[in-house]
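Labels for the chains are A, B, C, D and E, by order of writing; each one numbers its residues from 1.
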Amino acid sequence: MTNHHTPKPLRPSTLSRKVGQRPGTLSLPETALPPRLFLMSYSQESFLEQECASYTALQEALAANPNLNHWIDLRGYSDLGLLEKLRDDFQIHPLQMEDVLNDYQRPKVEEDSGRLFIVSRMITFNDKHRLEDRQLSMFTGPNYVLTLQSDYVDCLEALRERLRIGKGSIRKRPISYLMYAVQDTITDYYFPAMARIGEYAEELEDCLFDNPSRSLLSQILDLKREVVKVRRIVWPERDKINELMRMEDDLVPDELEIYFKDVYDHTIQLMDLVDNYKEMTSSLSDLYLSNVSHRMNEVMKVLTIISTIFIPLSFIVGLYGMNFSRENPRGGINPLNMPELYHPYGYLTLLVVMALVVTGMVYYFYRKGWLRSN
Amino acid sequence: MTNHHTPKPLRPSTLSRKVGQRPGTLSLPETALPPRLFLMSYSQESFLEQECASYTALQEALAANPNLNHWIDLRGYSDLGLLEKLRDDFQIHPLQMEDVLNDYQRPKVEEDSGRLFIVSRMITFNDKHRLEDRQLSMFTGPNYVLTLQSDYVDCLEALRERLRIGKGSIRKRPISYLMYAVQDTITDYYFPAMARIGEYAEELEDCLFDNPSRSLLSQILDLKREVVKVRRIVWPERDKINELMRMEDDLVPDELEIYFKDVYDHTIQLMDLVDNYKEMTSSLSDLYLSNVSHRMNEVMKVLTIISTIFIPLSFIVGLYGMNFSRENPRGGINPLNMPELYHPYGYLTLLVVMALVVTGMVYYFYRKGWLRSN
Amino acid sequence: MTNHHTPKPLRPSTLSRKVGQRPGTLSLPETALPPRLFLMSYSQESFLEQECASYTALQEALAANPNLNHWIDLRGYSDLGLLEKLRDDFQIHPLQMEDVLNDYQRPKVEEDSGRLFIVSRMITFNDKHRLEDRQLSMFTGPNYVLTLQSDYVDCLEALRERLRIGKGSIRKRPISYLMYAVQDTITDYYFPAMARIGEYAEELEDCLFDNPSRSLLSQILDLKREVVKVRRIVWPERDKINELMRMEDDLVPDELEIYFKDVYDHTIQLMDLVDNYKEMTSSLSDLYLSNVSHRMNEVMKVLTIISTIFIPLSFIVGLYGMNFSRENPRGGINPLNMPELYHPYGYLTLLVVMALVVTGMVYYFYRKGWLRSN
Amino acid sequence: MTNHHTPKPLRPSTLSRKVGQRPGTLSLPETALPPRLFLMSYSQESFLEQECASYTALQEALAANPNLNHWIDLRGYSDLGLLEKLRDDFQIHPLQMEDVLNDYQRPKVEEDSGRLFIVSRMITFNDKHRLEDRQLSMFTGPNYVLTLQSDYVDCLEALRERLRIGKGSIRKRPISYLMYAVQDTITDYYFPAMARIGEYAEELEDCLFDNPSRSLLSQILDLKREVVKVRRIVWPERDKINELMRMEDDLVPDELEIYFKDVYDHTIQLMDLVDNYKEMTSSLSDLYLSNVSHRMNEVMKVLTIISTIFIPLSFIVGLYGMNFSRENPRGGINPLNMPELYHPYGYLTLLVVMALVVTGMVYYFYRKGWLRSN
Amino acid sequence: MTNHHTPKPLRPSTLSRKVGQRPGTLSLPETALPPRLFLMSYSQESFLEQECASYTALQEALAANPNLNHWIDLRGYSDLGLLEKLRDDFQIHPLQMEDVLNDYQRPKVEEDSGRLFIVSRMITFNDKHRLEDRQLSMFTGPNYVLTLQSDYVDCLEALRERLRIGKGSIRKRPISYLMYAVQDTITDYYFPAMARIGEYAEELEDCLFDNPSRSLLSQILDLKREVVKVRRIVWPERDKINELMRMEDDLVPDELEIYFKDVYDHTIQLMDLVDNYKEMTSSLSDLYLSNVSHRMNEVMKVLTIISTIFIPLSFIVGLYGMNFSRENPRGGINPLNMPELYHPYGYLTLLVVMALVVTGMVYYFYRKGWLRSN
């Protein structure tokens, strides 16, 4: 029987490089998708969006608009040559490129000669009640932001729409504001996932009261572990935002500080939510165990009451099933051997006695409160 | 069955802004109340109080008394235009105004070019034994304090009364003393809520000993979570007060430091109280589980004693219900087949034997201490 | 049923001031005792002790001996006027005087223009196994120490005796040594209370093995909470002593540092003791629960053994209580219908068989180890 | 019975030196292997590898190639004389050499006049589900790295292969890069061990649902302890890497910093994995206990249902087994004594009644949900 | 019943001084032993050892060899006069001498005008499975080390032997090396005690599987508390060594730093061991509780199976024990009243039916896996 729902722990297979291999070696998971290259180029006045058919097309587009800000967005990692070209042209350290390909990295920010390398995680809580989290890697440069992700779908579409329609100040701001906007959008994206976790927790709670099945505890403990995983992602996310907030003016302009402070507050709210859910799952598992033992007690009580009522009755009827003989084998009678059996009203009297016994016991149990279902 | 009492966790819907929306976008909850604008203007000698019918009225009142200290108090957020005017006229950062509208913010203080932005939470423990906490946002300026809250009723009425009658030194002091007084009043207001939590905890404890119903554990665990929520509010409140206490002279005058130290001591007392209640709820749930298992044991004991007394008796009466025949089918008699049945005192002897068996067992159980209710 | 022993938590009523009242407002609990004013004036050569009938008498006594060190000791707070005079004459901050009257303050030390304000707690463990702790407030000045307490009895009598008889160096030392001596005496006074807690814990432990009553767990959990309360008092006490130890020379002379280091070591020993008791109560509650379940198991075992022995016997005697007829209603006999009943030794054989069944089962249970009481 | 699987705790016998012995005394475990000395000498152009037959051969080989980088690798410690020569020639402190021989040392790095002493642990998770960890000690010098280990087999073979084929930049780099490469390889080597732990945890989880044997809890708790041991090794490993990362340029060149940062990230991923496994084992033991109690409940339910159905039936048949006599000994009949027995359809009616009783009870239990297996 | 094994907690009676007594007052426990004074005087060339009959003899011996290093060793405290002389002649602070006499002090080091006062604890794990720890107090001076202990036997004999035979460098080194050597020896002495704790833990574990008696849990919890006590001693011991390691050159020569680092590593290994044992005792108590409940389940299973098999059989035999009459009192027969009883093969058929019922039930239980002992 393996159809239980225990989540797989983070598997160490997340380290893409083999033991002893040269650091910085790029190796691809077999499931890597073919790359798609998107480019958005913008300034306050102009906006260009295209999907580049090849890396050469990207290079040409960048060269054609040296005064615009560029958001280069690579999705899908199956082309190792493309990744190596990116690495070389955008002066990315081989170890950082390795981090991009590894599918598990904690949120972090690294600074390297005026450029930032930022790892973020986009989480969703899927229909199987498992946490999915995918990595978004970002490199910043003087007039570009380069994002890389392994999948085609992400949570940044609303942000792209803001760029397209040019609403608000986003196109007027320097490129570092785009970097902030990506961080902000990703952080906001945690909240719907948290809402789904909360709904699922309430669903489990309803099950707990309605129909506590055997697998429920397993589900509760699974949810607890998912919640702990979120915590382990939000914690370094918070540290990352804090680090960005405190960076020097040339890396993150001072005017962005208050914006990052806002994101930082959101991550703290996330921590509060996570802690709330953690306690909620803890009290759910306590309640489950208490409920199970309560049901067991109900069953025991029924047994006790029925047994305790019938056992004395069974004794009484057994008593008058004895064969003590009125007739003495040596002749004559034994008048003291069960004379009740020969009394005209013996049977009726006994029935009344048994009814009284039952009544007395039921009254006793009622007084003890055992007949009330609590 | 959903009539259980588990508190809803903090829902991520507390983030008013949508994912990907421009930061600083103001969006209102549907339940926002129409705004009411109150103004108190005072100096040592004079005192004016009015409800301004419109924002223009407020502007005029402020312009008319440039030498007075003003407490501007906005309650109800449904007028977005008014909020935007306030934001622009009082140089409030859009992100801070967004924080004002979000209904969940941790207590915090932010400093921005000599003005303070302070978020506080006013808690009550309602009749359904749930924690309610509402937010009070405050902005300070050179001669005004601007407070904003979503509801019409707050806990500051006693403070307003002090301003009105001019008792004590409050009207003689600079505007920062008013900021302190608001903080102090809010902190003091935590204590009655704590008292209600304490009373409810004692109520639950009485239930525990009188009538431990099935839902009691659920109520105890709920209370525990409410207590933990208070902790999560008091903790940053304490940090906020500490930060205010250590601020530079131009933001918080040095003479206020000893006052904030006093508020700080109160928040530490609150932490002690919260920790006390947390332990109390923990031992309540331990006691509940122990009580439930104790009751189960009582039931088991009754079963054991009754069964154990009657089972041997039932065997005995069954024994003499056997039909071993005194008469040999081949003629003659079987004198060894149950001669007891034919003895004149057989029945009486057996009754005595059974009485002795019962007496012996009861004595044994008494010696074992099983008849005492402990 | 409310005769259980759960300690009342720290009630928020400990905040004497009402919500919104002016900070520094003095308000008295109804149970305040009438004030008594004691004065000890001493130098190396002279010693004067008196109870001052009025505040004026105190003023005169102080004025008469400007070169002596004074220990002014106020016990009982019911005279608000007296407290206000003290506050004004000894330059006590209104908030500090408010702290004096509040009956719950954590141990702390505050420095204000060269004078110290020290709050200490004197604990006892009373006959109802509850922690009592009363507050001693102390103000130091150039040549006096002013102590205030709400009750007439305290733990400083031995120290007063040392002053009276002038043994040791206490009268030769500066006034700050008296402040130290008070702190030292109060800390030493924790140890007998701890000893009583330890004795009570051992008493409970003996109960656990002798007679684990239903209320025992409640008592153990209560003791645990009392121990945690001590911890919450000793912790800030330690911090306070540490702060005193590190104070500058003009507040606490350097020569006193080694003395405060000694007191500090005592507070650390207290922490060790408290942690010890905490673990002891934890293992007591574990043992209680294990014992209760052990007793339940014993009861179950008796039931199992008695039932399991008699159930097969009851079957056997039931078997031979059946009425299968040897006589065929159509005439003739049914020789196969229970011929055992007609055998001359049928009954005796059956008794032997039943004895063997019992012996076999008892042997089986013995081998299983169920007959041994473990 | 000692065939249980509890892991032996770290035994204090790990301290090779006797109590009171001179510090720095070298003493060998009895199981020490004969030493084997390996030497790899390399520069960008050349590469030499040999096993030195004796210490003299090593000295000659080193003297012959003063311009190459050397990796001296001693495996097996049984020759105390050889160790002492190494200690003296390579200026190793006696206490450090003692650390080399002790089989338990936490990962650490020590700096001594420009040379580093680094202790690492190589872990494997063996077939008996026990953690094995062996120590690798490393000393660095101007143009050599000296590694010492007690066993012949290690995890560095892939690294040696990289040196042999000269792939990548390893032979072009200074000797400190070799030190880094060893650290990196050892850290990477933790991941397969973690993967095996994860597989074993899943195996135990499958057992939990399929066939929860009595020893399973013991195995789960053992695994938990092994996981905690890994944590206790990874924690100082992380600190060690952190220390190396922050070392000054002459000890660890600045260009290596980003490489050590990468190793540091891996140790943090390891911590995440370890924490994951710790929670997983915790929920496994919770699930085990819940499962055991669930099985007990199932058994109880069967007993309850069968007993509760048959106990009333047994009473009924006992009732009609009574011997109340229709014939009055004084002549005449007792028409009220069990007339049912003489009714032509008495028996059939009773069978129908009993069938109805059974049906009613089964329906009741079905409605209660006790017949469903949950 | 008081023959249980719960260890006495640290009793506050450890504070030898009475409440309110003058600090520095020396008071002796009643059990103090008569003092014995040992002196070892050594230089690289010479070595003298003697037991001084009196304090005067010690003074003379010291005066006679002003150029030697001296180890003065006092064992037994019953002579208060001697202690006071020591205090005065060696400039020991009264509070430190009080610490010497108090039998419980945490390990610590104090510095006072170039002299060190070091408190260490020597632990043993005795035959009653209790931790014994005795205090060794040490004062250092320019050319002496003064150690004081309350008992005659200590763990330093091996160190004395090293001094006597002059092996190693101990006699060539300055007096501070002797101080180090004492610390080192005491720390090494913790390991055999830890080994005994480990053996006892394994012993308890074997009991757990072989014969889990009622007192076993009590013993496990006692061991846990002893382990926690060791932790509470090792923790400040570690801090003490750390403090010594970082002391300035004139107090602890820099050349000793690497030696203290080595001792420090040992204390960290001790912490690891202690944590290991703590987890081991935790899982032991979990296993005990699980085992107890497992045994209970086994008993329940036997009851269930035996009852469930016999209850239907008892019903069947009861059925055919009913007295439904074939003969109609009004004459004629009732052919439907239990015709089975009159069938020639009725009895045999019933025996076969009952055998089938038993077989069916046993097969059902076998299929359910209840007959296997897990």
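Methods note: a residue touches a chain if its C-beta (ideal position, glycine included) is under 8 Å from a C-beta of that chain, and two chains touch if they have at least 3 such contacts.
Nothing here was measured: the structure is a model prediction, and the numbers come from that model.
Any chain bridging subunit A and subunit C, meaning touching each of them, is among B; the list is complete. The chains in contact with subunit B and with subunit C alike: there are none. Chain centres here are Cα means. That of subunit A falls 42 Å from that of subunit E.
With centres taken as mean Cα positions, subunit D sits 26 Å from subunit A. Shown for subunit C are the residues in touch with two or more other chains, namely 293, 300, 303, 307, 311, 314, 318, 321-323, 338. All chains join into a single ring; listed from subunit C onward through subunit E, they run C, E, D, A, B.
Listed in rising order, the residues of subunit D touching subunit E in the complex are 1-2, 4, 6, 8-15, 17-23, 93, 95, 98-99, 104-106, 108, 110, 112, 211-214, 217-218, 221-222, 224-225, 228-229, 232, 285, 288-289, 292-293, 295-296, 299-300, 302-303, 306-307, 310-311, 313-314, 317-318, 320-323, 326, 333, 338, 340-348, 350. For subunit B in complex with subunit C, the touching residues are 155-159, 161-162, 167-168, 170, 184-185, 188-192, 194-195, 198, 201-202, 205-206, 209-210, 258-259, 261-262, 265-266, 268-269, 272-273, 275-277, 279-280, 283, 286-287, 290, 293-294, 297, 300-301, 303-304, 307-308, 311-312, 314-315, 318-319, 321-325, 327-329, 334, 336-338, 370, 374.
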